[in-house]
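The following pair of complexes shares a single chain, chain A, combined with chain B in the former and chain C in the latter.
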Partner chain A sequence: MSKDQVVEIRKQAIGQSVPNKESATLLTGRAEYIADISLPGMLHAAFVRSPFAHAKITHIDVSAASDMAGVELVWTGADVLIHTPGITSSVDREGFVPTTQPAIAHDIVRFVGETVAVVVATSRQIAEDALELIDIDYEELPVVANIEQAHAATALANEAVPNNVYFRNTRVNHEVDDAFSNAALVVDGVFHNNRVSAAPIETRGCIAQHEWTSGLTTFWSATQMPGILRTMLAMFLQIPEQTIEVITPQVGGGFGQKAHVFPEELTVCLLAREIGRPISWIEDRQENLLSATHAKHQLNSMALAIDEAGKFLAIKHHSTTDGGAYNCLPWTVGVESECGAPIVTSTYKIELARAETIEVATNKCPIGSYRGVGYTAGHIARENLIDRAARKLKISPFEIRRRNVLLSEDFPYTNATGLITREGTFLETVNTLERMVDYDSFRQRQTAARAEGKYLGLGLSIFNEVTGMGTRALNFLDLPITTHDTSTVRVDPTGTVTVTTSLVSAGQSHATTLAQVAADALGVPVDNVVVRSGSTANTQGLGTWASRGAVIGAGSIGRAADVVREKIKQIAGHMLEVSPADIELADNGVRVAGVPTRSMTMAEVAGAIYFAEAAHPENFDPTLEATATFDPADLVLANGGHAAIAEVDIDTGIVRIEKFFAVEDCGQMINPMVVEGQIRGGIAQAIGSCMLEDLVHDENGQLTTTTLMDYLLPTSMDVPDIEIEHLETPTDLVPGGIKGMGESAMISAPAAVVGAVNDALACCNIFIQQYPISPERIFQELQNAPN
Partner chain B sequence: MKFPAFAYARPATVEEAVTLLASDDEARPLAGGQTLLPILALRMSMPSCLVDLNDLEELKSITVGDGVVRVGAMVTHAQNLASAEHRTHLPLLSAAVRHVAHEAIRTRGTIGGSLAHADAAAEMPLVVTALEATMVIVNQQGERRVAASDFFGGHFTTAIEAGELLTAIEFPISDHRWAFEEVARRPGDFALVMAAAGLKLNNGACESARITLGSVADRPLRATEAETFLVGKSVTAGVAAEAAQIATQDLKSHGDIHASAEYRRTVAGTMVKRALTRAAMEQSA
Partner chain C sequence: MKRVAEDELIQVRTTVNGRSYTFSTEARVNLADALRYELGLLGTKVGCEHGVCGACTILVDGKSARACLMLGVQAEGRDISTIEGWATGKELNPLQESFRRHHALQCGFCTSGFLATATELLRENPTPTREEVRERISGNLCRCTGYETIVDAICDPEVAAFARGEQSA
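So, the complex of A and B:
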């Protein structure tokens, strides 16, 4: 059977809001996170981090720190360089410039926060005391602080990157100029998307332990990709892969930030092998904001050509990523602009497109992945331009989208960048949002409020989302990567079910949702299934990112369960004296199709397989477990939309998001409660990232927002009521018709937030293109407004 | 983000606390710890000894008498928020303390700690300035009293000398009607700008006005010129706007990553205007 095989799953638990199996553990504080793990003899690591954005290390003296009581070892870049050159990251595309980020900087530091030395001590306190005794002299080098300076290239951010350009690309290059010159209307803008952090509440952390007698290394990491981490530790540190086990404990939020391999992880692993004692590194918040990858930072120019009927004719898009000093691993600096270009036309029928991208090097923390990778910035640009066009054409934002979305008669539709849309509820999404918002009465309310000096606005955004990221999807995004993810399904001797999967959970409720899938695949109750994950000792895979858990989980569990199911049918047919084809699995057992009285419980069947050879057919292989991978045959596209209502106080620039509306079509939902949790969390991040959060660097490349006093995350007070409706258009690419949806709100909701503010301020001739929309930004826009 | 090493003392009386503080210039009093402990974790301060005031029960009460509300320095923001006395006698304090951070911080943070820290963007310094409170400071020689207007010396600077402890704040009960306005990036954040307005009206005309601005300078500012301007006038929207203009015209504010000096100056005017308008509408207490 091929890896994209779609097995049949009979829907019973799927679709139900089964209460989270994880809740009790999480809510009582009994979940074990990386910082909760304490091993006998464990030591603690702390890093010296560069205070300069670009400098030569001219002198480093660790002797005073080494002599301190409680300090076991101090290493600099030179010490670690003996073991590894660091993290080399590239992508197999012509002209792409790879980089190697040292595990600890040696010779030159290239961003504020890059590691310069590490202290291992009996406590983190002592390690931090010792950091202050390390004497380092730097000679400052010219800093490339922003995109403009990168283009000027009077200095190089990283001498490995010629002209400060990692990569440039033209993803699609239709002849669009005629369409633009003949268009009835052209709307365009230059959008400055802020640098943000995924800022999970649990920061990064890892523990390494090496047992010299067995040669085995155990590596605990709060990671979204234990499988990749294991392989990379093996490759970069020249450790035989079979001797490494990566364990992922409970993860307190990943959001893409923990879908990387980090230099600190290499260093901690080497230190444990050097010292022979377990070593823990738990990142603090300042380190996290300085160095745990930044996200989204880009400059996008976009233009949309529109005819007099409001139909979109062509789109032009140019995106520049402010990439930082190194490529992150595995995504590289292309993670934003390169992934954004292929999906720039979104759900709209835009026949002509030009999409160009460039990634430049700056002396900042590397750009990495964060929920909604590639989508967020482009959506803000396009959806806000569409709103602006609607205002100019004096049609409603819903109507202009209705006139341009793909309709069911268009399917399958191949768009300008080659994306094939097989199904989707784009028109239904627009209509549903219009009803939820109650558009006509909103406009009346807006007018009435204006008369009282209040500025209300409505923002709208619709989207499609490439989910269940497999080989086909990654290749579409120009990432020539083959995916491989396995799950194992075993029916236990008493008839219960144990699932082991390579997908780790950072709060996505896999223990519940994947149990629902396995339960339906085998016809057993959800409570009879346990889902185990978090160790590379069992299954192999790329991890949980890019909205792939549901799709890859359902596919691989479905395929593995199918093998077990056939085995069960075989023995049950033999025992009930019918053909295996006549056996059905249901109600926690088996029965003869059409003759429900002829049945056995799952416990009886499993017992017979494990313990009663006499019941076996001839030549029966009693293995009651199977491991399978899944890689969907094509891109699995979910879709939906968001609307936000905001009130702007134009005298203070304070924006209150009054209400949020979300429509989600992720095919057959496994668990609506979990889906809605994803939507609500994503909307909170959307509000944060375009209204509050900003990693601000000064002209020297110095990060000025290094605590949560200055890097403003949204709190419950900033997030309004959220109304959610579901559409369900199953896909035939995945068992059960399931699609992914984890990133949806961070794909599209930011555009709705920005759109709401722009709608509120449209009467003041304001169209905000720089984010976040702080009170100061609104104040400045009002000062500079034409009128 | 771990504390540097320090000694720790937990005195049972104010006298003991003052003796400890007087014996060591580098010792620092620990009240609610909501500012001091993060500063220690960031290693921006390295005190030799923390003198923990949390056993000093005598500093934890609110008492009313002789036209004065006396608030112990160790009274928490949560206590102030819950206080029925404050709602009756110090409505400005009740209104402003809602803007102090979040419930967890209000539960530990104290009024004395906030005043001794003297962050110009914090609410309590503005409140004591607006209400013309008296700060009670104890040292080994005894007690001295400092008017709020003389207490703040600039950013993080107060009249408290080495070896001294702020023990109480005495608020004269005001016969003005009060309103408080604040703009912050998120609810509970330090103010970008804030203002308190107090009005005493007689037959609709202003008999006395008090306007105090916060987070626009290195300490709370009284807008005395605007206060004088209002006397004898009916506080209409137009008059409030004019007073706001007077209150902010010479303001030399500061800018930071959250708001520019120009924003602060302009929005301070909005805060004054709104506070005056609301104070004029408030029903007399």
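So, the complex of A and C:
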């Protein structure tokens, strides 16, 4: 059977808002996160981090620190270099410049926060005290602090990156110039997206333990990708992979930030092997803001050509990523602009497109993945230009989208970048949002408010989302990666079901949603299923990112369950004296189709398989478990849209997001409550990322926002109640018709937030293209407004 | 005031979740770390250690407090309540139960802090409006839920009934 096989799943638990099975553990403080794990003899690591964005380390003396009571070991870059050159990250594309980020910097530091030395001590306090005693001299080097300086290339951010350019690419290059010169209307803009952090409330952390007698290494990490981490530890540290087990405890949010392999993880693993005692590293918030990956830092120029009927003719897009000093692993700097360019036309019929991208090196923390990876910035640009065009054409933002979205008669539609859309509810999304917003009465309310000196605005954004990232999807994004995630399904001797999966959870409720899938695949109650994830001992896979959990989980569990199901049918057919094809699995047992009285419980069937050879048909293989992978045959596209209503106080510059609306079509939902949770959480991040959050660097490349007092996360006062409606267009690429959706709100909702502010201020001729939209920004814009 | 050397251990007597504890700690250790590592009460989480995220919120003498901003030695003579004390045996209290029903948590890292803040609020006012709840929980950050379901959970009528009982008790 091929890895994209779609097995049948009879829907029963799927579609129900089954409460999260993990809730009681989390609500009583009994869940075990990385910082809660303590092992006998465990030591604690703390890192010295560079105070300079670019400098030569001219002298480093660790003797005072090493002599301190309680300190076990101090390592610098030179010590770690003996074991590993560091993290080399690249992508197999012509002209791409790889980099190697040392596990600890040696000779040169290339961003503020890069590790320079590590202390291992009996307590974290002692380790931190010892950091102070390490004597380091730096000689500052010229800093490449922003995109402009990167292009000027008078200095190099990283000498491995010639001209400060990692990569440039033209994803699509249609002849668009005629369309632009003949267009009735051209709207364009230059959009400065801010650098943000996914900032999970739990910071990063890991623990390594090595037993030299057995050669086994156990590595706990708050990671979204235990499988990749294991392989990378093996590759970069030259440890035989079979001797490593990566364990993922409860993870306190990841959002893409924990979908990387970090230099600190390499270092901690090496230290545990060196010292022979378990070593724990728990990051503090300042380290997290300094040195866990940053995200979304793009500069986009975009232009849209439109005819007199409001139809889009062509789009021009140029995107630059401020990539930082190294390629993150495994995504590289391509994680932003390279991922965004392929979906630049989104859900619209735009026949002609030109999309160019470039990634530059700067002396900043590496750019990495964060929910809505690569797509967010381009969406803000395009959706806001569309709103602007609607205002110029004096048609509603809904109407202009209605005239341009793909319609069902267009399917299958191959767009300018080669994306094939087979289904989707784009028109329905626009119409649904228009009804939810109650558009006409909103405009009346807006006019009435203006008369009272209040500035209300409506922002709109619609999207498609490439979900359940498998080989096809990654290849579409020009990432030549093959995926191969496995799940194991076992029917236990008493008829209960144990599922083991490589898809770890960082709050996505997999223990519940994947149990719902397995329950329906085998016709048993959800409570009879347990889902275990979090160890590489049993399953292999790339992990939980890019809205993969539901799709890859349903696919692999479905395929594995199918193998087990056939075994069950075989023995039940034999025992009930009918053909296996006539056996159905339902109601926690088996029955003869059409003759419900002829049945057995799952416990009876499993018992017969495990313990009663006499009941077996001839040559019966009693293995009641199977492992299967899943990789969808094509891209699994979800879609939907967002609308926001904002009020801008033009005296204070303060924006209040008054209302939010979301439409989501992720096919058959496994668990609507979980889906809505993902939407709401993503919208909160959307509001944060374009209104509040900003990783600010000064001209020396110094990060000035290193606490949560400066880096502002959205609170309960910033995020309104959110109205959600669902459309359900099942896909035939995934069992049950399920699509992914975890990233949708961070793809599209930021555009709606920005759009709402721009709509409110359109009467003042203001169109904000630089984010976040802080009160200061609004004040500035009002100062500079034409009238 | 008593002077102590930097690394001198100080003995602290305190009550946590109705039980008396005596532990020794350095003066500089914050209360969150003291609870977690001296007493093994790991349900109190640490997200920033600088008083902003609210993950470490606990109840000290019935009032919400940030355990990362207090010192372990300040627990002396106090009556502390943490997430480990809020379920009765294997039964969640109505506020915890409401969080479960409303899907008011995803990764769960912020949850103990929200429960502490909400418990304090509900003792003062068993039937707060949504705005009052939003205002009160604005010192607790959640990166997963978008807050709405947390507000739903705190405003649930079954929680109000429980809170009234707590208030009169």
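The rule we apply is simple: the second predicted complex is superposed on the first by the 787 of 787 C-alpha atoms of A that agree within 3 Å, B and C clash if a C-alpha of one lies under 4 Å from a C-alpha of the other, contacts with A are read in each partner's own complex, and residues count from 1 in each chain.
We take it that a contact is a pair of C-beta atoms (placed from the backbone, for glycine too) under 8 Å apart; a residue touches a chain by one contact, two chains touch by 3 or more.
Since the model is a prediction, treat every value here as computed from it, not as a measurement.
**Q** Once chain A of both complexes is superposed, is A:245 in touch with chain B (first), chain C (second), both, or neither?
**A** Once the two structures are laid over each other on A, A:245 reaches no partner at all.
**Q** Have a look at where A:717 lands relative to chain B and chain C in the superposition and call it first, second, both or neither.
**A** Both chain B and chain C are touched by A:717.
**Q** Check whether A:704 is in contact with chain B, with chain C, with both or with neither, and answer first, second, both or neither.
**A** first
**Q** Between chain B (first) and chain C (second), which, if any, makes contact with A:285: first, second, both or neither?
**A** Both: A:285 reaches chain B and chain C.
**Q** Answer with first, second, both or neither: which of chain B and chain C does A:779 touch in the superposed model?
**A** A:779 sits against chain B, while chain C stays out of touch.
**Q** For A:478 in the superposed arrangement: first (chain B), second (chain C), both or neither?
**A** In the superposition, A:478 contacts neither chain B nor chain C.
**Q** One more residue to check, A:351. First (chain B), second (chain C), both or neither?
**A** In the superposition, A:351 contacts neither chain B nor chain C.
**Q** In the overlaid three-chain picture, which partner chain does A:508 touch, first (chain B) or second (chain C), both, or neither?
**A** Touch partner of A:508: chain C, not chain B.
**Q** Between chain C and chain B, which one touches more residues of chain A when both complexes sit on the common chain A?
**A** C
**Q** Is A:604 in contact with chain B, with chain C, with both, or with neither (first, second, both, neither)?
**A** Neither partner.
**Q** Residues on chain A in contact with chain B in one complex and with chain C in the other?
**A** Correct list for chain A: 125, 284-285, 707, 709, 715, 717.
**Q** Can you tell me which positions in chain B touch chain A when the two form their complex?
**A** So the residues of chain B in touch with chain A come to 1-5, 38, 42-43, 102, 183, 185-190, 192, 257-260, 262-263, 266-267, 270.
**Q** For the complex, give me every residue of chain A touching chain C.
**A** Per the touch definition, chain A meets chain C at residues 17, 19-20, 22-33, 35-36, 125, 198-203, 250-253, 255, 284-285, 506-509, 673-674, 676-677, 679-685, 707-709, 713, 715-717, 719, 721-722.
**Q** Going by the contact rule set out above, which residues of chain C touch chain A in the complex?
**A** 26, 28-29, 36, 41-50, 52-53, 55, 82-84, 86-87, 92, 96, 99-101, 103, 105-112, 115, 130, 133-135, 137-151
**Q** Any idea which chain A residues touch chain B in the complex?
**A** 123-125, 128-129, 132, 284-286, 651-654, 692, 694, 696, 704-705, 707, 709-710, 712, 714-715, 717-718, 774-776, 779-780, 783
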